[in-house]
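Shared chain: subunit A. Partners: subunit B in the first complex, subunit C in the second.
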Partner chain A sequence: MTFTLTLSGADLLLLLPEMLLTVWLCVVLTMDFAMPRLPKDRLAYLSVAGLAGVLANLVWFDLAGIGGTLFAHMFVVDRLAVFFKIFIVGTTILVILASVDYVRRFRFFKGEYYFLVLMSALGMMFMASANDLLSVFITLEFSTFGFYVLVAYLRDDVASNEAGLKFFILGVFAAGLLAYGISLVYGETGKLVFSDIASPSATPGLVIGFLLIFAALGFKIGAVPFHSWIPDTYHGAPTPVTAFLSIAPKGAAFAILIRMFFVSLAAFKPAWVLLLVGASILSMTYGNIVAIAQRNIKRLLAYSGIAQIGNILIGLAAGTKMGGDAILFYLLTYLFANLGAFAIVIAVGNLIRSDEIEDYNGLNRRSPFLAFAMLVFLLSLAGVPPLAGFIGKLYIFLAAIDEGLYTLIAVGLINIVISMYYYLVVVKKMYINEPTDPSPLTISPPMKVVVYAGLAGTLFLGIYPQPAINWVVAATLMFSNLAGPAAAAPTLVLPIGG
Partner chain B sequence: MADYTLLIILFAPFVGVVVLMFVPNRQALQVRLVAATAAGVCMLASFYMFFAYDPVRGGFQFVQRFEWSKQLGIAFYLGVDGIGAPLVLASAILLFAGIFISWHIKDRTKEFYIFLLILAAATIGVFMSLDMFFLYFFYEMSVIPMYVLLGVWGSHTKGYLDMTDPEGLKKRDSVGFILNFAANSKEYAAMKLTLFLSVGAVVALMGILLIYKFSGLHTFDILVLREQARFSGSLATIIWLLVFFGFASIAPIWPLHSWSPVGHAAAPAATSMLHAGVLMKLGHFSIIRICYEILPEATRELMPIAAVLCVLNIIYGGFVAFYAKDTKYVIGYSSSSHMGYVFLGMAALDYISLTGAVLYMFAHALATGMLFAMAGWVYDQTHSRHIPELGGLVNRMPFVAGCFLVACMASVGMPGTVNFIAEIMILVGSWGKYPIQVIVAVVGIVLTLAYLFRMMRGVFYGPMEARYSHAHDAVTIVDRLPLLLMIGCSIVFGIFPGHFYDVIRSSVDPLLARIIAVAPMVSQSGGGLMP
Partner chain C sequence: MLYTLIPLLPLAAFLILGLFGHWIKDRAHLVAVPAVLTSFLFSLFVFDEVAGGKNVTIPLYTWLTSGDLRIELSLYFDRLTAVMLLLVTIVSGLVHVYTIGYMHGERGYARFFAYIALFTFSMLMLVMADNFLQLFVFWEAVGLCSYLLIGHWYERQTARDAATKAFIVNRVGDFGFLLGVLLIWLSFGSLEYRHVFAQAADLTGETLNLLSPIGGTWEVSTLTLICLLLFLGAVGKSAQVPLHVWLPDAMEGPTPISALIHAATMVTAGVFMVARMAPLYNLSAAAMDVVAVTGTVTMVLGATIALTQHDIKRVVAWSTVSQLGFMMMACGLGAYVAGIFHLLTHGAFKALLFLGCGSVIIALHHEQDMRKMGGLKDKLPVTYWTFVIGSLALAGFPFTAGFFSKDEILVEAWSAGALGKTLATFALVTVVLTAFYSFRLVFVTFWGESRVDPQHAGHLHEPSRTMTVPLVILAFLSIVAGYAAIPDFLAPVLPGPRGLAIHHEHPAAGGMMAIAAVLGLVGIAAAYLVYVTSPGLPDRLARQWQRAYRLSFNKWYVDEAYDRAVVRPTVRLADRLWTWVDVAVIDGAVNGVARTIAWWGWLMRLVQSGQTQHYALGMTLGAVVILTVYLLL
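Coming up: the complex of A and B.
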């Protein structure tokens, strides 16, 4: 394959958000070196300002419908990519705001922290645009690179080092699988771009190749059985990094998964539905059941995250445009609820220096606001109306029931109840138990912004989801020719299956 | 006003919640006044709605419809018919009474009222939803406030203190917490209630999703589904069973009732009132809304299941109530037993008995609300609900004792209260089809008489222990208002049930006519337990 690179001004426009962010992260890094006396908090606000500019740029792309492909279709800008970029940039803004207090506790490298977060965000933005297997590999590694450092950032802390090492070794292993899978697929088809790979016959090499790629992406999203790094890494990493890691890379990886399954593998849907159903059932059930036994709030959220990924996989298993919509919507609800919950964990962790659930005893007496916000976020994760998570779950189930995935839905519904138990145990500690130290807790302004943003998103998406639904429906318009919901007249015999 | 009545009823409590969030926690009086105002507006609008409902026109009135999501086929669709209207009224009355009953709560007053208002508003929302999505939405929304209300402001049952060793505390926090059926802490009750109701809810949701898919109409609109969707055969049976048992778990039908007395016993008085008074009726109501409206054929064929189980409800609940030692357990099991009457009235598929069942839901809400209010008062004054420990309180609290007597009379179904009319209608209406059940139900009334008066005697008569000499009667207007309100409604509607009858009948007639027309009765030889 030969590349002829001809870039016009219009082509470069498509790269504008990434270029902006690249320039900006250089600015942040330079400021850090050049002005050592500058309070590091300023760097956080500087980063947020840059990200806000990128966000504005992306919103403009979305509204103006700007799109196209670059570099022989390696890099695509369509509404799906723009959606995920907005998702990633939005998450990054909130994570940086939530980091300000936490970073103050670092002894070294406070400035580089923001640089690394921005770099990971840049990598994930490229992931959202990755349209062939090579760019998938490069962008995936690029984004993970920043995280390897971030996870092990507390270098005096054994848990953080262990987390970093575990994440690194398993991450590199997954990268190997990905490279091997890509080489197999390329060997079988001679193609790399997603839309070209759509091959009519499933040769063993192709099957193994895609399974390996799925394993690598499964590692990224933390679906069972590729989840083993999640609990320790989430536990040991600095909490803002955990929050970042639990949301943004999931979104970026789902961008790739959607493109791969809905474009390249559309013809093999009956085969991969079973794969995804299996992964989904395992993730939901394993994540929720193991979460019950957790004593540490970060580990609890890690396992709940595995279960949430299982829920999202239901939408992927549906394999329709509506399934795609549901994934996007669910990710939005997950963003606000999970980030909000982590924001509370960060805030409480900063104040009482502990992440044990035991230490949330009587939080309601110490800070009614924090306890109420945590209640809202946890219940949204559990899927209780009128919060966003309920609409997200219902959307996913509606997409799946159109495809007749009854078993999957039944398992998903049962898992709602299981998850409710362990979320309510946290609620019990906060509301019912009495605190050992009743001194009131107060949180800083940037943290308040994050919590309010989480509350606003969770309530708004739950009570009036129509604007967001319109947005996700528009973002997946390119999949509207996918096999839609079984259009046959409603049968009155019950086909048990799925 | 007419058009926005339902919105006012539904959103007055929610507005109250939002206002409460901005009232400082220390201003307890302001908090109570805001809550009382919200509940008052809600109740007055409900009374207006109930009396403005035109029984001649029938059908769904005060309808409001807003497109909510086109893609998902969901509309925010509100309206009441003769079945929803009395239940909305009952919820609003109990909410208003509950605000005053809990006037003396000092711990986290603001949050208590916030959760109480959300609970009541969600309940009211179910009773006026004409869209399955919103019916489920409000239904599930009512469960979570219950958890917090029970857990934070509830009380442990007698015997709990014997097992609060440090080791025991650890045990209840682990997985065994769910399986530990011997526990009687409020945390256990709250968790059990929430999980039971959530399981029921998701089972019903599965049924709702199946209706959504197999109707092929891409809508949750109950009225559209009623007119256009047809389900039959095994599909209808499966959906019906899912929806019925999903919602019947909150009703609570035997053997899914075990969460309910535990929950009643642990809950603070106002929550018990709402819980037993209206939350349990969500089950019957949702069954009527979904099973009766959308699956008439299956309802005709499968409702005998309820006719069998209701006997167990009545007898089992009655016997346990007779032997229970905790006042709230007695009332809780009595509620569970009385819900059997509603199921009997519903199962007979007879105009008179179904009208009676709906009326009974209203009547029971008032009667059981009064009983719980008084049990709560006695507990507040004596810190005991253990009947053998209590006694002789009539000297200390003559007013409460008098009200308690009236409440017992109402609960038994004494002529002059609305319960009497409802009970008689259920019994008369079901006699043709289920004579054995009717005989059992009459035995159940005798049981009710026995356990309520046994409790009355144990609590208010006999020798009084000296430590209760500081117990107060309800003397202030704030304390007496809720009791008088509920007694007044029970008696006034008992003496003048005409409008009630017309309102309920106007909706029961077309509903049953459809069920009977869709599936003509195969055999007239019904009778006995298994017709």
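Coming up: the complex of A and C.
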């Protein structure tokens, strides 16, 4: 295989967002070193400014429809990639804003924190563009390195160190599975690019290879049975990192999963539907049931996250264009609701130094705004109309109904009922129980921005989802050829709002 | 357009008051009163057009189409509709005006006007219905308004109970009504009046085996069954025995409501319905006999109970029950024209009596017990004189409206065969009772010594002009309505089972008129004798006829019987179901599932050991299981 690398100016344009971010994170790191007396908050706002520039660049790509491939198809820019990059950059901006207060708790390397977050974001942006198995491996590891450090960032905190170490060991283990899987697939087909792999026959080596790759990606998204790192890591990590970890890498991993299943494995759909249905059912059920027993809000959200991933896998199991749309839309709703919920956890944690659910007793008396926002986020996660989560679940279930996955939907509906319980337990504690310490709580301006953004997104997507639906439908146009009745009807008209 | 506006104006008033009542508050009448009065003017116009003999159907829109079923919402106007429109809009308009004074300063002022506007709309739609479903929908709608208005003072427990009772008892009747409508759909394949009436004769021979589900045989004429089921609805709505129990309790509502809904309009809907369905009833002699006998029993029962009640409004309410029975008897004997005639005159004088009661009640600061009244005729002259006119009309005093309509029914009844003669005899007895209790009311309330609470006795005065003007207008109508040639006007649209109605040419007419007038006078004289000349007499009579007195005073123990036979067993059954089925089985199952899931949650939590090697093992095992499944399948 010859490898020629010729880059023209037009090719470089495709890399513009990544290059901008690379330059910018170097600027942030340099400023941190060069100006030791600069308040670290400034670095946060500087990072956000840079990310805003990248976001503007991506929006331009999306509107102008700029696309193409680079490096012998290793790197692709299409509307799907741009969607996920916007998702990742948006998440990163909100996470950085939510970190400003928390970073004051760190005793060392406050400035490097922002640098590492930006690095991880850069890695995930590359993941969204990964178009062959090699770039999948490289970008996945690239983005995860930043997280290994971030999870263990609380150096004095045993839980944080333990979380970082566990994440690292299991992550390396998953990377091993991934590398092994890639080597098997390459050995069987001699190809690496997703669109080339589409093999006519399923040899055992190919099956094992893809299953191992799925296991590694399953680790990344935290699907059962590859979820075991999630609770401990989420619990021990600094809360903003947990928030980041629970959203952005999931989006990036789904970008790869969608490409792998919808492009490379489209021909074997009957074979992998069972795999995804199984993973989805296990994730939803396990996540929701174990969440009931949690006493720590971060662990609760960790298990709830596992269950939410199970919901998103429903869309993947549908394996149609509409399933793809639904995944993208669901991720958007999940971004706003989950990040919003974590923002409340961060804010409350900063103020009362506790993440125990008991300490949310009477939150409504102490801060009606925080309690109300948390209520909205939890109800959206539970899928209560007219909030975003309801439309997301509806969309994904509709996609599955079109494919006749009735068992999966039945399990999903039962799980919604179970999840309602633990979400409402938190609501009950906030609204009905008496607070032990009735002193009022106030939150800082950057935190308010994050909570307002979460509320706005959750309400907007729930009440007027049509613009977002149009966007995700456009982002997955390349899958219009996929079988299924949904492909014939590219737009979903929801009964609400749209 | 004009036709459509008649119901739409009150609806618009309701919507405005319902949505903006919060801001409109004390100015609510400025919205509702003009709307209803304009409806009245339009009704006059419609009356004039329809009087020429033409029937008008105005389709509004197709409500729903499902297979063969096609329901149009349309307005139907014939002479019967026209007179009902006038009755509803006149009484409603006067009650609207009266309410301005009666409800002045009440908290729910705008809400009250909103509901009576809604009621007026529903009642107008009911009388204008041209198909059974529309009839049923607005039949329910007036029931809902009645419920809302009886419970207007919802902070009172008694008002809430009365509202609930009215609703539930009516539901019993409406259940039958709905079954009747369904049976019509099954038998005729249409719900439109004109189709049903046109095909009704073809159905005469057909029967239905009621016991077929359990293998028995009980053939019943389909038409009779339809008529009886529809009549069940009328029994509920028009407070006929045995579903009459809600009407007296409904007096917990504000008095204008008693006048409008529970005397003049809604409760007469049952009578109106039977008359409207005359083409069906005429084909089923059995159903008509049931209607006639039920009406007669109600008439006698109501009159006997009215004799002994102390609450001024309840006397009038029981009188309403009795008079509704009288009208129902007329319809059952085929005298639809006479029944509707009496319905109209009764609407005028009974509304007058209720509004008069309201005037007394307001003057006495919400005192309703007759024993704490007396001697009011000098203090409340307008109320007194109008009340006397209303009572005379009710008693059938010669040359009042009630005299003519009552006489019409008696003559027709007498000429309707053996059953008719028997029932007419009961009716004559009732005439005496009616005259007696209505003048008992007059004498005890307005004559004799004042027994008024001294606290209020000093400043007794006539209520405001908005309340007295409607009284005077209604008193005027209570006299002149009898001279309108309503029977001749209605006769063409309401043919009886024996062809067109017969009227005064009947040989018995003159004699019956004289007998009824004399019996009415006898009743009045007896009341004078008992309550004016010898004040100790009522108590002595009550002691002497203790058993009869108690029976009447306790309303024949019907409420108690229902309580024992229906209410308590239901409550006990509900209680059992709650403790055994709900708490033990359903809650047990639900909580059991919840506990099981929580238990699994705790168990699976143990898997999260915190040991990294366990986690890695778990992942490996997971991968191995998946691989095995895929490679072996």
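Note that the second predicted complex is superposed on the first by the 485 of 498 C-alpha atoms of A that agree within 3 Å, B and C clash if a C-alpha of one lies under 4 Å from a C-alpha of the other, contacts with A are read in each partner's own complex, and residues count from 1 in each chain.
Here is the rule we go by: contacts are C-beta pairs under 8 Å (C-beta built on N, C-alpha and C of every residue); 3 or more make two chains touch, one makes a residue touch a chain.
Owing to the predicted nature of the structure, the values given are computational and were not obtained by experimental measurement.
Of the two partner chains placed by superposition, only subunit B is touched by A:A410; subunit C is not.
Touch criterion not met for A:S439: it reaches neither subunit B nor subunit C.
When the shared chain is aligned, no partner comes close enough to touch A:S8: not subunit B, not subunit C. In the overlay built on the shared chain, the residue A:P368 is in contact with subunit B alone; subunit C does not reach it. Once the two complexes are overlaid on the shared chain, A:Q466 sits against subunit B while remaining clear of subunit C. Applying the stated contact rule after C-alpha superposition, one finds that A:I292 touches each of subunit B and subunit C.
Contact comparison for subunit A: of subunit B and subunit C, B touches the greater number of residues. Once chain A of one complex is fitted onto chain A of the other, the partner contacts of A:F173 are limited to subunit C, with no touch recorded for subunit B. When the two structures are aligned on the shared chain, A:Y421 is found in touch with subunit B and with subunit C. Applying the stated touch rule to the two superposed structures, the overlap between the subunit B and subunit C interfaces on subunit A comprises residues 292-293, 421.
Residues 594, 597-598, 600-602, 604-605, 608, 610, 612, 614-616, 618-619, 621-623, 625-627, 630-631 of subunit C are the ones that touch subunit A when the two sit in their complex.
Residues 25, 68-72, 108, 111, 133, 136-138, 140-141, 143-144, 147-148, 151-152, 173-175, 178, 186-187, 190-191, 194-195, 198-199, 202-203, 205-206, 209-210, 212-216, 230-235, 238 of subunit B are the ones that touch subunit A when the two sit in their complex. Subunit A meets subunit C in the complex at residues 165-166, 169-170, 173-174, 177, 204, 207-208, 211-212, 214-215, 219, 224-226, 228-229, 231-232, 271, 275, 278, 286, 289-293, 418, 421. By the touch criterion stated above, subunit A contacts subunit B in their complex at residues 292-293, 325, 364, 368, 375, 379, 384-386, 390, 394-395, 397-398, 401-402, 404, 409-410, 413-414, 416-417, 420-421, 424-425, 427-428, 431-432, 464-466, 469-470, 473, 489-494.
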